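Each chain carries a letter (A, B, C, D and E) given by its place in the written order, and its residues are counted from 1.
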Amino acid sequence: MGYLGDSLVTAIELIFSFDREVQMTVWTSLYTSSTAIVIAPALGIPIGLWLALSRFRGRQLAISLLNTLMALPTVVIGLLLFGLFSRQGPLGPFGLLFTPWAMIAGQVVLATPIVANLVLAAVTGADNRIINTALTLGASQFQAALQLLREIRFGVMASIIAGFGRVVAEVGVAMMLGGNIRNSTRTMTTAIALETSKGEFSFGLALGIVLMTVALLVNLGLNILQQR
Amino acid sequence: ASEHLRLATTTSTENSGLLAYLLPPFEKANDCVVDVIAVGTGKAIKLGETGDVDVIMVHARSKEDKFVAQGYGVDRLDIMYNDFVVLGPDSDPAGVMGTKDAATAMAKIAASKSTFVSRGDDSGTHTREKQLWKKADVTPSGDWYLEAGRGMGEVIVMAGERQGYTLSDRGTYIAYSDKTPLKIAVEGDAGLFNPYGAIMVNPVKHPHVKVELAKKFLNFLVSDEAKKLITGFRKGGKQLFYIAE
Amino acid sequence: MDGRLSVNNLILRQGKTFSLKVSQLELLPRRIYALTGPNGAGKSTLLKLLAFLTVPQQGTIRISGCHGGLGAQRRQVTLVEQSPYLLDGTVADNLVYGLKLRSITGRERQQRIDSALQRVGLAGFAQRRSDELSGGETQRVALARALALQPKVLLLDEPTANFDNMSLAIFDELLRTLPDEGITVIFSTHDPSQPERLRGETIRIDNGRLLNTPHRVKTSGNLPRNEKRPWPEALNMYAR
Amino acid sequence: MGYLGDSLVTAIELIFSFDREVQMTVWTSLYTSSTAIVIAPALGIPIGLWLALSRFRGRQLAISLLNTLMALPTVVIGLLLFGLFSRQGPLGPFGLLFTPWAMIAGQVVLATPIVANLVLAAVTGADNRIINTALTLGASQFQAALQLLREIRFGVMASIIAGFGRVVAEVGVAMMLGGNIRNSTRTMTTAIALETSKGEFSFGLALGIVLMTVALLVNLGLNILQQR
Amino acid sequence: MDGRLSVNNLILRQGKTFSLKVSQLELLPRRIYALTGPNGAGKSTLLKLLAFLTVPQQGTIRISGCHGGLGAQRRQVTLVEQSPYLLDGTVADNLVYGLKLRSITGRERQQRIDSALQRVGLAGFAQRRSDELSGGETQRVALARALALQPKVLLLDEPTANFDNMSLAIFDELLRTLPDEGITVIFSTHDPSQPERLRGETIRIDNGRLLNTPHRVKTSGNLPRNEKRPWPEALNMYAR
């Protein structure tokens, strides 16, 4: 436990030193995660809505499959997309491997099932009069779905927050697809992993505290957004 | 707008801090950036095979030769070497402290069934460990032999926690020396030398490889300037890497 | 004539035992119809069908003068459910929603909101939160929300169940004026005197079958066997 | 993409070869995750319920903090608990480090905020008459809370499934606290990470497919449980 | 005398404008009380307080012969809400729930369920899913669920709002027998004739103030100013 105190001090120093490298890492973490968590709901919310509202044969199986995708390890996503982005892969010519775009793609794959599942759960638990109310007031199917989302926004926001937490905390995708390149694709988490592997435990933990601080700020922001 | 060269290398070179010390002069002189992707030896070679990097720098001679033989790489160069050490706890249950011959020490460890933590990850270090067991004529197995499947630093920590022995490169040990109770039990054996090689990814197989820059980089690595930097690199007051003669 | 509702050969099965069958039903514009029948007769089920919220397993419902699909037809009709759901937000938010969807803005929007709340006796309630209303207030907000839309056909499912006597009087008054505004009203009720008071034509339903159709008397020929006939005899006359 | 086909074949071979080492790894993954996902809801559900149902100053902040805990990287949890379990740490004498118990502890820390957050969201979205209905029918506060959980069981189950997905897919805790020891604390994910670091991408991916298969079976089981 | 409800100096503020104040109210065992008043008068609010579901900001509610805390008192009283929530599952599941909590098992449990369903005219509904009921059926299941518990005090919030005439008759009949079974009934209603029909004592409420208390006439002295008095004059007499 000895290094916990050190870490706190180091963390505070790190935050207020405005060290360029640390800032860069925070920024990489933030903008990859944020981009991913804008794209993931754009895919996950419609999937969740559709699975919740439609009835078809094999729906239960589809839900179980979606549940299973939440258990997709980040390394596996990394491996899969590596095959896609690698020079020999179909997207190889675009040279996306070891760039933030590859990381974002991996994080979208990671977060989408989470968002979809939790939206599915929120819709399933929602008042079943909402859709009909919107429809009879003149909404189209699409507008009614939007209104439904507005009514269950707490659940939708929870799905987005869970997805954000997942991508901002993940290492595997960032490592495999980003490559942990200094000043380029190094994120908070890959930096923590690196420092830990160097034996710089207290520095690693300090970076962890910085990451938590950033995440708290983001969540406070989202919370305020939700209040409105 | 400066050009990027991608170098896949082992964690030991990156974690020791050598590259952060060695690369800037090269980057400055050639107006380029070297993107270092620090991974396990096996994965570094794999990234070379898939053509996702331009140069690899690893320490596993047999694998390097295979890499070149299969046509994935060209222009293999010996860059430098450091050495391995056998680490053990103060209590020294196998009684190997100060032994000069690594294989003998390994045999003693096995005979006394003292805990030994192996990298177990096919890394350069693991490959060397297996060679040593072979030389000692031991097939390690049993409760005392822990195959951890982790990085060097983590394995040092694990061996420390379990009061066991392990094989480490000197650089990582120095980095961890204040975090582990382990001491050097065996060092200086010629069988513990650890050469690093650099290989350019074959531009015939992977046309997008930045041949010009990669060649410049390889030339730099064996230049007098680099030699001076490598031998001058100190950590904790100790020299970590030596130039291959 | 626009706004005429025609139901043909409608069949809807629901649950294990219930089925609603309507071979033919014509509802003329600018009239008031009262739907009566015991609990579980199928009043709410029929109203949901007429609102195009459920799709029958068989048969058609058409609203004359409307040549769009389901969505377009739905826009002509508004249903106030038996236990209405108020959208999260204020009372005004609830009234605004449908107007927004119809791109009604500015002065007209405000006028419609004010007038609708006025008509249900809830002037001054615009800024109240929708989840902080009493039972009767909730029902009246739902009614105002529908009125503001000025639909061709207004479907009301037991709209006055939780109304106090004052509101009931207001409601009766209000309903009588709607046909003149070009609105057809179909409401379900358990209040035996309400159809008469409103000069509405009564459609009686039991066990998923219409016992009469408006404008002409019908034999109970298609009434299922074993029917319990719980409806008091005294009411066995056709209103108006 | 070349290795994708290989991986599928290898995965099927692995599954049907009944290789003892693979079986052992699957088993370690399963029983640590399962134990963790029994303990985490025992902690997370009460926290979520309490945050959803109580009103106190600072509640919003508490919720934001709980949201933030979802962004806790596994390496950081590993570092924190390492300090606790290491020989010099307060729990050192128990010798839990590099045993499955340490992994389970880390996974509980990982899953509890997820379960708590999603239960919080489910309760917030639930019909607010449920508690009063239970109370007026004679339930104690505790029994009413239980009934509430029963009514929103889809949401609660989603929180558990999300937690399970998280722990079964995680690498950091299993690495740091388990040590990835062959035939002892090696899980599916640490094995995948190891194979990947060796450059054995297709074998790593094959293990990933095995893991997904196992997760699918678990989810199908939970789905059937939920149907009842 | 057991089961006497005493309310003292009660104050509950709700929302921005509404406050409920009851300085003194005594409800005697084995009687029927009707709570009447316009929408938003505070009927539901008062009933929730009497059911010990909300805690007043000031004042006390006590049930005589019960010496436990809130939980114990709550067990004596059961409220059927205006818009009741049925637990997920079957009708039987809903009736079983409270009985299970009271450890009533076996034959007695079955008897109580059967009898309660019978009494609300829903015999044969036990295995119906609770989310597949009509509005009136839902209300009647909620009533049966409360009856099965045989509480000392039964609170009913507009229990007959969605009832058909047949059910209404059944309900009136049922209610009249409850006092003999040792049950005090307090129900709210908008049906002006219902209190009389049931020979209940009327408690009138408006704007959160009681306009009378049972057993003795009260001046409207504590009636807030600006009161709209929407209650028809004709009803200004005290039932029984």
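The criterion applied here is as follows: contacts are C-beta pairs under 8 Å (C-beta built on N, C-alpha and C of every residue); 3 or more make two chains touch, one makes a residue touch a chain.
Remember, predicted model here, so these are calculated numbers, not experimental data.
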Contacts shared by subunit A with subunit D include exactly B
By CA centroid distance, what chain is farthest from subunit D? C
State the pair of chains with the top count of C-beta pairs in contact. A-D
What's the farthest chain from subunit A if centres are computed as the mean of the Cα atoms? E
Using Cα averages as centroids, what's the distance between subunit D and subunit E in whole Å? 46
Please work out the Cα centroid separation of subunit B and subunit E, and write it as a whole number of Å. 81
Where the centres are mean C-alpha positions, what is the separation of subunit B from subunit D, in Å? 35
If you average the Cα atoms of subunit A and of subunit E to get two centres, how far apart are those centres in Å? 50
Among all residues of subunit D, which ones touch two or more of the remaining chains? 127, 176, 196, 201
The positions of subunit E in contact with two or more other chains are 83
Touching two or more other chains in subunit B are residues 154
Touch relationships between chains, expressed as pairs: A-B, A-C, A-D, B-D, C-E, D-E
Touching residues of subunit A toward subunit D in the complex: what are they? 1-4, 60-61, 63-65, 67-76, 78-80, 82-84, 88-90, 114, 117-118, 120-122, 124-127, 152, 154-155, 157-159, 161-162, 164-166, 168-172, 176, 188-189, 192-193, 196, 201, 204-205, 208, 211-212, 215-216, 219-220, 222-223, 227
What part of subunit A is in contact with subunit B in the complex they form? 86-88, 95, 97-98, 179-182, 184, 194, 196-199, 201
Partner subunit C, residues of subunit A touching it in the complex: 127, 129-130, 132-141, 143, 147, 150-151
Looking at the complex, which residues from subunit C come into contact with subunit E? 14-15, 37-41, 43-44, 82-83, 128-129, 132-137, 140, 157-158, 161-168, 190, 192, 230-232, 235
Interfacial residue positions of subunit B with respect to subunit D in the complex: 39-40, 42-47, 49, 120-123, 146-150, 154, 158, 160-162
